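Here it is, the structure, as structure tokens.
When the chains are written out, they are named A, B, C, D and E in that same order, and each has its own residue count from 1.
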């Protein structure tokens, strides 16, 4: 039964991916991509990786989907042609052959690796030392906190990189407004946005809080927050900040900065990113809250794009 | 003196170089003073070294710059021969260059690179291993390139390109050769010739061809000589430098080192490499002279004359016999002194009278008698007329040829002398015996002479004469060449 | 306390500060410069076996940082480059008319992100951690490249993205196969089976794209040529090196037991072709910055050409050192060259080589910086470039690798052919163009970098000793006899 | 959760197929935004390989899970940058900036 | 087989039925408004049945509360998006001549 379910799931994943890549209408492609992301989330659930499932659905399907739709809209307004069926050129046959061959080799390599729970026993043994129960959080915020620290800077850097694309005379204005243009639609969206933002805050806080013991965590919470911000912005319940707003800049850097500071404090006591005995959980939760907040703001702003000249851009 | 003396001697020109680079053009007086001062200091140091080395002192400075590769500087008799020649002529050229350029543009740069050239030439002379030699040899290329393109016109830029193409390719071949040899025998130090017995003769020959071919570029061996006439686009002091002191001599000197200090005459003879090289040198001698005869431009004629004359050194080196060696080594000095005289005179003529072509020389002797007098001594020396220095070289080379069982060398000598006469005598004839053209103001140009422009040529002409007349005295180049031969190669 | 963490943490802290400070961010280099140079000196002074686990979490789970020879050579050089580039970039990325601009604000956080990322990349042994550092560097690199030309930046972005994913795919296979992605553990565990070979292949391919090895170099010249001078300097000097260093570590450390000669020669052959192709393309350029950019394509070739020479060497330590010295020398020289080229092009009307006439007189210091950098790039003595090519040539001749030796020699000559071209024009035209004053402070940056590239030529033994510290076992170390404790 | 042996590799194999599929899409698709979507498919495939190979008898290895989460976040950050670049490029293409910031080389 | 599992099964069956009905409506109805009508109404009901089944299966009040919250959020979001879609489609049609 389970096997059948998984088989069907995998076939659907492949099917939706195919459509998302090859369908003529790009909007349909995005729709299928979002479905694909949700099915991926199911796959992660089937694998028992609830943390990843949350992240995949929230970020992989959710944020990426919004981003693609938004970008498509902007490009269409600029007269870009995105649709079109790429198939039909004879060179594509060659590409298909090469890619299939690669996939087959990759599959063979994968088949020769025996799936196992790898480091799970090691992690289990180490978990008591940090006081949290969710092993994924343990890996992310303790055993490989260094990766996560650098990753939080990647996210921050991505936003700065997006800003660097701003036209010269647009700085330091806000990104293009996400507010809906149709007044009636705006009305609906606004009331929903107002309702959702506080819920998103509560859910995000909850996700971070349970993340130390059960599935959840800073990234999942941050993404929910970002979703709340985006919905509020679309409804016009919330404006987008100017890039030179100092308070806003502090919210962006708060998470990475607190993470870095705690890491350096650990160095003073022994080792970079080492948590003193007994304080690990408190420090981890602290880092996660700041991080989730910064991630939320950063992700929302990443989706919004670089500052623009005037308010009129779609 | 300490063991660091060779290093000190090499690095000394760095001071005037840096000063020259950093001084603005308007402080020309200071720049000139600094350059002269350091040139004089260097002459003094070398004079002292000459005294010490004759007394048997052996100076060495060693530094391992890469594993298995030592940076070795060594003052031996052969090195000092080249060093003395370069520091002496350097002083002369500095004086001449100051007078020649006056207050022209880009002179800070010129004197800066000029000093870097001295540095590299001294380094070439004092190198104790083939790899150290390569370092300075390459540096010499880099330091002379800005001098070659000094005028900045299309012609000099082209000359610079040709110069680089030839010399860089040449040094690359040389580098491959010595590295190959080093991987085979482990050491390419000049003092301790490596044991080559285990290396297959074919490989040794190939390496020899690579090295001599690479060095032959700078020594302007036919057919690798084309850069030298092209480099005539450079101003006269640079030509003097390229032809008499630094570049061509570095090549010739390197070949002498290869034959005597890396391979050793025994190996060269065994491999039968001497005769082909001597033949190539002879071809170069004759070809250069023939081409010189055909040139209408004075500097071009002198350039081909250099092509021809430098190969005398190689001829002497490749004949492998005491007299030939002495003849070749002494010609290293003699050719330098004589050729620099000729170039400085040619520069003065073009600078003062605007004379560039042989046909314009008519009556130059009457307008600038001192300059033409010096030119005449240089030219006669090149032809080999006694008692000018060139005669000594040719005499020893001829005897050497007979001694080494190569009597055809005498024929080469004779033929070359005839050709030399064929291109120098018409110049002398025009200058002394034909009346100057009646152009307005032409005479006045000649009389407004600058003593400093002419004095250096007079000094070198006198030196050329003295080297011939007093060849048997204790301080003559010939005596030193004999000392080198005695100490190094004739045991 | 250890510089291994601080070398990463400090630039990230400066990034945060630059982001918050906005237009004041440019002042931070006055603090960051001394701090980072001090940390680099500290790194050099560490005992040879310096290494530690981040947060004390043990392998195979944790992340190991270590100060091996590669890091000891490349991290200080990186820091010097960043400081020089930052000082040079100061006026260019300052507020205009008192107003903050996007560029003036974002350049500085990007610089520090790239700085932290590349240091992190050189210090870590963890392959997944490397993935994150690659992304840090790529992200900043894309942003900098896009400052010159959005189209070139986008092309670079797409290529870099696929390259990163290829690398990540390899990491995924290894993580599944060996339950660790630590290079030092993989060195012990790796077996030459299909997943491992495939992982190595895709990782190498991905990194080669980022290191712009011929024929995967297509994105480099447009991106590097179009960017503003300081950005070009960082892209050519810093960014491409990280990919190379990771490949070096994969092939000679983590998978030394997996690699086969054919593969090594494939890489070496690509390197050789890169040298020839890049040089010929550089010769064909009419504009200065594309010439310098193609020179990067050629110079990167040497880095890979060295692989078979290390592999076959009797004393692998020497070509190993040579390739690292080449990386460092190219870093310094190429940064110097792009900065000098920036100054020169700013002074004249056009961007063509023929526009440079008379600059040697008008701006002697910039031309000197360019010339010194060129000497190192051509591999003429005395310079770091020469030391590297000399050792490589020696190794090639010793091994009888005629083709590689030939490429080394011909590459040097072709290098001279394209680099002397702009110099020749600059030395030409006796009438010097009227240009604004060079700005002594700005010239100091390329001049210092170029002088350092030259100075490396005098420190051969020191560099070789440094490079041998903690070198992988495949690089036997007969030349570094550590004095006993 | 005990699976038939053949199905133990199901998810990693799906991942491998996704990588091939995404690569094909990346090659044949012309518009960079669609290529970006293809890249996301490749990334999803890689994550599935990474996570799927960590599937044990009872638990899935948290170690690859953490790596995947990191990877997802990096991937969305890059996707956002790419989308922003594509948009800006389209803007410049259809309406060149009225007062373009001068290229870095020329200002001072 | 306890009554709980029987109830769960029935609820699930009902949920799936309404989903199927909604989907049939989506495919078969002629104009956008009607399609949306079918989709939202039927799917909300379907989701409600399935959520109820899940809550029952778990048998915990806390979980049930969470599931209820999820359900509420879901229908709110679906309702809003249906509204927006309806407006957009109406706008598109009113644009037509």
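By our rule, contacts are C-beta pairs under 8 Å (C-beta built on N, C-alpha and C of every residue); 3 or more make two chains touch, one makes a residue touch a chain.
Because the structure is predicted, anything quoted here is derived from the model rather than measured.
Note on connectivity: the fewest chain-to-chain touch steps from chain A to chain B number 2.
In the absence of chain A, grouping the other chains by touching gives B, C, D | E. Looking at chain B and chain C, no chain is in contact with each of them.
Simply put, of C-D and A-D, more C-beta pairs touch at A-D. Centroid distances built from C-alpha atoms place B farthest away from chain A.
With every chain reduced to the mean of its CA atoms, the largest distance from chain D is reached by B. Measuring from the average of all protein CA coordinates, the nearest chain centre is that of C. The distance from the centre of chain A to the centre of chain E, each centre being the mean of the chain's C-alpha atoms, comes to 26 Å. Rounded to a whole number, the gap between the C-alpha centres of chain A and chain D is 11 angstrom. Between the Cα centres of chain A and chain C there is a gap of 31 Å.
Each of the following residues of chain D touches two or more other chains: 12, 19, 47, 49, 52-54, 61, 63-64, 67, 70, 74, 77-78, 81, 85-86, 88, 101. With touch defined as above, residues shared between interfaces to two or more other chains in chain C number as follows: 61, 101-103, 128, 132, 135, 139, 142-143, 146-147, 150, 169, 173, 175-177, 179. Annotation for chain B: no residues touch 2 or more other chains. Pairwise, the chains that touch each other are A-C, A-D, A-E, B-C, C-D.
The touching residues of chain C, when paired with chain D in their complex, are 61, 91-93, 96, 101-103, 128, 131-132, 135, 139, 142-143, 146-148, 150-151, 153-154, 157-158, 161-162, 164-165, 168-169, 171-173, 175-177, 179, 227-231, 342, 345-346.
On the side of chain B, the complex with chain C involves touching residues 21, 64-67, 105-106, 109, 134-135, 138-139, 142, 145-146, 149, 151-154, 156-157, 160-161, 164-165, 168-169, 172, 175-176, 179-180, 182-183. Chain C contributes residues 315, 318, 358, 360-361, 364, 375, 380-382, 387, 390-391, 393-394, 397-398, 405, 409, 412-413, 416-417, 420, 424-425, 427-430, 432, 458, 460-461, 464, 479 to its touches with chain B in the complex. Residues of chain A touching chain D in their complex: 2-3, 6-7, 10, 13-14, 17-18, 20-22, 26, 29-30, 33, 36-37, 40, 43-44, 46-49, 51-52, 55-56, 59-60, 63-64, 67-68, 70-72, 74-75, 78-82, 84, 86-87, 89, 92, 95-96, 99-100, 102-104, 106-107, 109-111, 113-120, 123, 135-136, 138-140, 144, 147-148, 151, 154-155, 157-159, 161-162, 165, 167-169, 217, 219, 295, 299, 302-303, 305-306. Within the complex formed with chain A, the residues of chain C that make contact are 1-2, 5-6, 8-9, 12-13, 15-16, 19-20, 22, 52-57, 60-63, 100-103, 105-107, 109-110, 113, 116-117, 120, 126, 128-129, 132-133, 135-136, 139-140, 142-143, 146-147, 150, 169, 173, 175-177, 179-180, 193-195, 198-199.
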